[in-house]
């Protein structure tokens, strides 16, 4: 049993519309290991959400996978049938969507929604689950189990997000996608949600792919990072590598634009060119080959 | 979506074009009393036969259908105009003005329009097309006012309205220049509904015999049919074509309304 | 100290003076449930001394309500706002309208979607009579766009949905430069902008203050940007100001328990500095309103005392430019 949980090889995704397509993926090569948090960082339009959709098998028309392979636990899941896909999703890979409102049906009580998910995707794993275990799960989210009787609208944003996490881990998946799970939350709620997620993951020994543009959050939670720009991965490395030794131009600019809360810096130091912020001077059509500068620290060969 | 709008527009132009211009291809003389032998079934000479007064049914239909359309247009336009002005003013200004207009609208909505229409129509010995349109508008402006007011209420909280105020825009500028273009698709949809409502109301009145007496109308044709017991007498060519034309008109208006709804309400847009 | 003369004009004129401003929403007609959005807020901005003042708070803290009150889009339940000595409730509206401008959070909402963005730039020129002819107007518009780093040729004639959020926000700033206000209320101006562009836009704001002598009230939940650009800061919690002072003092040396919690919860963009000690979950879950005569943070304060429940704390001085509303610092 290798350490590699998710292996993506030369993945290319395109959207066939009349208008210009924004999110396109070109030759994505990526490995996610067991028991780690992998942060996928990129700005809007970089393709990170498309990558998540492609891996989850949720790409909608007119998006499609042009070429490449997605291997999960050494099994090829690139073109799974719908029936297998249902079982597979949630049991093996689950998903925490951006914005907790997308998680819950507003007219159904919370416990019913848990039961629905278990019934639809449970299979083998569902047999062990009962009320007591679900209550235990809720408590591990630092929530009161009597929340299960409530409707979604009776809960605050932070509470709903933690319930989303509970929903995503109820079947002990090996991999969890968290797509900007705290973007709508304020600072204190964000901290609680992320720490809860982190603790839950460590307990289950699953992996998380944390998608987001906020590098500060990634610094707190992630083990390794992948930087995306314009549909390509430009750098991959441990969180220390990326923050202390960024190699790619884009990564360097991202890191240097982070405002500090420890020192009052002159904004000039952060300097970004007025006309296009960070992305000026960077071309999107770069070569796809990577150089391994240090063990585990890869950067795309630049223009 | 563009495709749908395109084909619906083609349909509208074809159908309404035929109705509006059909009247110029027939001989009005054949619509007079005893222009032909009465109660003749359809034939080459009289494609839709004749009715009991000796009028050529096809000619009456061709002359009457555009009239119904016209009443619908007049009634619908006037109702929408009143509804737009009152809806915008009431929705945007709020306060006393809104309270007054809203009360009138709510009271007006509870009074059955049919009763008023019958009352008014019956008090006049004869009524013209324009008058009918206006009378109908008078009883149907409340609904557009209400829905437009609701839209304006939500629009006025939008940030671009605040920005316009910060740019020194007066209430007048906001009501007449900032808000309306945002509602054009919605207003178009309202217009189609208003026209349909007006046509329905007018046909209702005509079928009861309260329509214009000196002009042919679609409803009038049906009224005559009832009056002369066309159904019992098996004179199907008298009342069936009229109803058929009515159904076509309403179907077309319905499709138009659906298409406009899709445009104006982004939530109904299908994923393209 | 406030001295009030005739016709509700203040004798000592500040640019902006807010006194005991309160906004209470009633639940429904006749219901006794009330929600206090803004609770007894007072502060002032001096004239002829441009500065950036941050109002920092989480969602639900009342900061947006405060912004709307300051812009005159909402009316206070009690308290006063004086702009250059004139009470906002009185009739000198037009001058106020031009001199106090705003930047809104969502740039796509701020522009009227059916008009090209030129419309938003032309409207103030027309209404405030900033140009005598169309040629001069075009000149002014081009200059302002160039001043924020935009190319007029690429920007004018486009619709809002054809442009990026960052571009739109900069057009907003160009518009403000044209109008030349005395005060800008910036309500979360960069929270919906990509990280790479935030620094650019914030730098523009600081430049505006320096070059044009315009004061800015910067409303945000992001303490790091607040630290970078503000002179002073006020921390909001549930409608009340809990700590205020110079930005460096308050953020680097917080004294109020809420501020301390807030500052420590900001994720440091540095993998070697992680969050310490998990926070009790009650924090995120309480949605009740404050009891009238107690500290607004009482329920969730890790250092609460008996006194905090019985009286509402006033401001206690920590340093010359640093005050906290907490009995710990009496």
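Each chain gets a letter, A, B and C, in the order it is written, and its residues are counted from 1.
Criterion: contacts are C-beta pairs under 8 Å (C-beta built on N, C-alpha and C of every residue); 3 or more make two chains touch, one makes a residue touch a chain.
Nothing here was measured: the structure is a model prediction, and the numbers come from that model.
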Original post:
Given the contact rule stated at the top, which pair of chains has the most C-beta pairs in contact?
Top reply: A-C
Original post:
From the centre of subunit B, which chain's CA centre is farthest?
Top reply: A
**OP:** Calculate how many whole Å lie between the centre of subunit B and the centre of subunit C, each centre taken as the average of the chain's C-alpha atoms.
**Re:** 51
Subject >> Distance between chain centroids, defined by C-alpha means - subunit A, subunit C (Å) >> reply: 33
**OP:** Determine the centre-to-centre distance between subunit A and subunit B, using the mean Cα coordinates as centres, and give it in whole Å.
**Re:** 54
Subject >> Residue numbers on subunit B that touch subunit C, as the complex places them >> reply: 158-160, 162-169, 173, 178, 181-182, 184
Original post:
Where on subunit A is subunit C touching in the complex?
Top reply: 43-44, 142-143, 156, 158-159, 186-192, 195, 213-217, 219-220, 239-240, 243, 253-255, 257-262, 264-265, 267-268, 270-275, 277-279
Original post:
Once bound in the complex, which stretches of subunit C touch subunit A?
Top reply: 58-60, 148-149, 166, 194-200, 202-203, 206, 221, 223-225, 227-229, 247-248, 251-252, 261-263, 265-275, 278-279, 281, 283-285, 287
Original post:
Which residues of subunit C touch subunit B in their complex?
Top reply: 71, 73, 94, 97-98, 100-102, 104, 106, 109-115, 120, 123-124, 127-128, 175, 179
